[in-house]
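What follows is a group of structures, each given as structure tokens.
Same chain, two partners: chain A is paired with chain B first, then with chain C.
Moving on to the complex of A and B:
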């Protein structure tokens, strides 16, 4: 009930010009929002989809690789490793407005320490989050910083599930570290990889909060989630149009997520 | 090894962590402020919601306390949430859905929020509430006589009705704070014409000073654009005609007789570009949140700050010793054109679902009394919307008080349908040089094309 109602309501609202303000009429308009999105306003939606895909691919690939690397380094038991794991996991439990506010201050080109460092140490001037060239990459970096702790935990769980006998057998056969990783660890980590890639990509495809806090979707960072949010909420927004974008986002996520899951499952069987 | 089982086990763990994190962040995001006067004998409770603006919230609390004192048995509950990320919008919607709010603070809709009849579109956002007849018409309320009718109509008028009391208006567009001592040090007088402005900027630049500080990350360069545009559009017209000028312009856009690629917009763009040459490098990375404080403490640089008077309290708090001034940027060599451009702001709305409508009207009457309203204006830095009330005692308002006559409201952009490309509402200044890479000619052409496409959609 709690899960289904909002989904059905969003689908229904996508066929209306509903403002979203309680007490106002629904103004059912059929396919008006979809017609607008697929006709002359297509470039708007297409641009947001492209930004979303770039963001999701970048975050998923780098975060998964980094999470795996961190898991391999910090999987060992012991107090110091527990401490390091906690430090790496910490950003993930901070709220998005806190992280956004903190990085906005750090990356302020006039008063922020990062700007000062780049200016004095490298002679580089940059607007950072206000630069169309790097703002999307910076947000990707912050997202990865927040999320790689989760990925690391998933991979550590996967690593600890690998039977020690497999490593012992590889050692007896004279396999070095790289060969052991390639032929034992990596194949047996396939279930953890599937979970990590799937969860990361789903989160990245739906990302909007951090982008909203850091750039409000400006400077080439307008993802589909941000486009949906700004269309659905605000002074003169239309929840109906925003719902239509949410439906587009849902199908995009379904398509990419479903495809990924199929491919990753096949990979598990092959390995 | 059972990989399916493993995956489910790992997935369960991962989902558990994710749910905990989402829950935590959602709870954090939903936190709102609330202040209830302690009383045990209360029979009626007036509920006011307002977005978080510390000086405004604090002074409203004081007015609430005085209201409670005058009306024994009444308590006032005030709820507030920040505007960013629509936290305030969510608070308003939840209160409206629960039919538990009596007075709502809203940003003015201005005529551009209502799609003109010829567009056959439905209004979005709060305008839909007004269009649906769910806001109380304040037109005949006695306290409304204290306010300027044309300004009130402009902010929240709809089909002859008056659906809010606009309490605040800020000179933001074209607005510049300045450091009096720094200008004196470099022998620069406050400019009153366009040529004098450029001369002042050049003089300061030649002395190694960066003339203008700008928070372009949050789009404050639009204050320059809109200031020049409104002064140009309102040249030679009476101040109270802003709504008609805006409506005629919106219709002309819709008919295609005015476009963003017209010579007038090129003229505005040229002046905008000229001013932008004097702003600090990497302005697009500077946030509006930090800009007033950073600017205030750098006493030896950045003589001017592009900002609205709503940030005056922040500037004064950051550097109480700063000899602060405020004026509106002149965009013409004709002094009559260089009028103060006011931006309508906080307005009080009484929804028809309010459980205490009579009490809400009583509070608005109490708020409108000269002493209460003056106290509110002084704390918020707003310009008065009551012709009879001034705030002469605020030092940085000296220039404003001398130049109030002829001040006009900002001309809103043409109405555009939801989902239209951002360019349809005018050139995207973040994409246009010097912040972005698109040339002025290309940006204005793209804006004209985007509006034409949006109109057809």
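Moving on to the complex of A and C:
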């Protein structure tokens, strides 16, 4: 009722004009929002799609790679490693305003430590989150910082599931470290990779809370999620237009997520 | 700092139980030989730098800045405070009204989690046992629902129509009926042997009693993992309160902190104190429940975590 119905109803509301103020009429206007999206606002929607894709691809690729790296380093047994893993996992359970506020200070151009470091060490001045050139990449980095631990744990579970005999066989055959990884670890990790890539990409495609806290979608960080939220609940409160954005986001997610799932499953079978 | 933490965690570990992979034999050897913390530090320097240096340092930096008077911060924004003060904390506590918000958060995070677990188990049982046909259809629907559009806008309209908007009860109801854990439970109940149902029925055990006394205790590990996940996800949700709760008295701590950040722009020591106040309970819970969380991701709860993640990502971004 509160899960499935709203999702489906989004389709309906995407064909309407509605401000959400009780008592005001709900205008069913057919394709008006889509028409608006394909005409004057095309650059906005297309820009948001492009930002979302950049964000999702960057986060998924880098986070998966880093998670795997961390998993290989911190997979060892023992108390101290349990502790390190817990520390790495910690950012993932902090809520978005905590992380957002934290990095707003760290990356503050005037009074943040990162700004000072760059000023003193390299003589570089930057507005960081206020810079249209790097803002999106910084938010990607922060998202990865939050999600790394989760991915690492998934990969460690995958590594633990690899039978010891496979490694023994490889060492008997005289395989070095790199070749063992290439031919034993990586293929046998395929299920964990599937889970990690899929979850990361789905979350990244829908991400908007962190962007909202850090930049409110300014400086080239307006993803589809942010666009949907600001058009529906911002000053304009165009719920119909926002629903249309949500539908665009849905098709993008379906396209990328579905494609990824198929490709990853096929890869698992062939490996 | 990390030093003390390591010690504390090492001591606390046996009570918390050990994750499946922590080889306690080797660990006792490390502790048992009486190696000093310093030796461990030098051996593990790179690991500590990588884990604590990247993933904990931001929080520590903020904790330090929170003790700095604002006037000193203006002169020296990045260094260590020369005069440590706790006034930022008391100011933030009062201005942010975090006391009430923490109570609200507790309500919003615990009640829906408990209700949805209970409902989920009661609904999952008949489906797991195949008393309900078209199980596959339901399963397919669930997988597909992960892709469905973000239902935030209709949820908002629906909440207004049903009178759930801007009310504490309404918010709890809304979050209790999402059914995220449901399919995770179905899979788990399948692993409980069917003979037990029959034995219980033979002894004249009713449906409700059977689930409460047999199934739920049997599912404890799954429920614990799921409960912790659900609690953390609900606690951390910022978007839904932003949309659904207009009244300041009803705000959970995430929503409150979001406004607090906006109200105190540039007063970073105060903001830091606010963030630390809000983060402290989460970090404490994490230290206690770390095992369930980490184990939960690693073990069978990946599916459950996925369900929560899917639910959260649809409400929360």
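Throughout what follows, the second predicted complex is superposed on the first by the 265 of 271 C-alpha atoms of A that agree within 3 Å, B and C clash if a C-alpha of one lies under 4 Å from a C-alpha of the other, contacts with A are read in each partner's own complex, and residues count from 1 in each chain.
To be clear about the criterion, a residue touches a chain if its C-beta (ideal position, glycine included) is under 8 Å from a C-beta of that chain, and two chains touch if they have at least 3 such contacts.
Predicted, not measured: the structure shown is a model, and the values here were computed from it.
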Fit or clash between chain C and chain B when superposed on chain A = clash
Key: chain B versus chain C as contact partner of A:243, first or second or both or neither   = second
Inquiry  = So in the superposed three-chain picture, is A:97 touching just chain B, just chain C, both, or none of them (first/second/both/neither)?
reply    = both
Ask   = Can A:259 be said to touch chain B (first), chain C (second), both, or neither?
value = neither
Ask   = With the two structures laid over each other on chain A, which partner does A:176 touch: chain B (first), chain C (second), both, or neither?
value = neither
Ask   = Can A:188 be said to touch chain B (first), chain C (second), both, or neither?
value = first
Query = Which holds for A:43: it touches chain B only (first), chain C only (second), both, or neither?
reply = first
Ask   = Is A:163 touching the first partner chain B, the second partner chain C, both, or neither of them?
value = first
Message = Output check: A:74 vs chain B and chain C. Expected answer is one of first, second, both, neither. What do you get?
response = second
Ask   = Of the partners chain B and chain C, which touch A:110 in the superposed model: first, second, both, neither?
value = both
Inquiry  = Applying the stated clash rule to the superposed structures, which of 40-48, 58-66 or 238-246 from chain C runs into chain B?
reply    = 238-246
Message = Just to be sure I follow: which residues of chain A are touched by chain B in one complex and then by chain C in the other one?
response = 20, 22, 93, 95-98, 104-105, 108, 110-111, 150, 153-154, 157, 195, 199, 203, 209, 212-213, 229, 233
Ask   = Where on chain A does chain B make contact in their complex?
value = 17, 19-25, 27, 33, 35-37, 39-41, 43-44, 92-93, 95-98, 104-105, 107-111, 115, 125-132, 150, 153-154, 157-158, 161, 163, 188, 190-192, 194-196, 199, 203, 209, 212-213, 215-216, 218-219, 229, 231, 233-238, 241, 268
Remark   = Within their complex, chain C touches chain A through residues 2, 5-6, 9-10, 13, 18-23, 26-27, 30-31, 40, 44, 47-48, 50-52, 54-56, 58-59, 61-62, 65, 73, 77-78, 141, 145-158, 160, 174-175, 177-180, 232, 235-239, 242-243, 254, 257-258, 261, 266, 268, 271-272, 274-275, 278-279, 282-283, 286-287, 290, 293-294, 297-299, 302, 306, 309-311, 313-314, 316-317
Request  = Give every residue of chain A touching chain C within the complex, in rising order.
outcome  = 1-13, 18, 20, 22, 73-74, 77-91, 93-98, 100-106, 108, 110-113, 116, 145, 148-150, 153-154, 156-157, 160, 195, 199, 202-203, 206-213, 225, 228-229, 232-233, 239, 242-243, 246-247, 249-250, 253-254, 257-258
Ask   = Quick one: in the complex, what on chain B touches chain A?
value = 1, 3-4, 6-7, 9-11, 13-15, 17-18, 20-21, 24-25, 28-29, 84-86, 89-90, 93, 96-97, 107, 109, 112-113, 121-129, 131-132, 134, 216-219, 280-287, 289-290, 294, 351, 353, 417-421, 430-431, 435-437, 453-454, 456-457
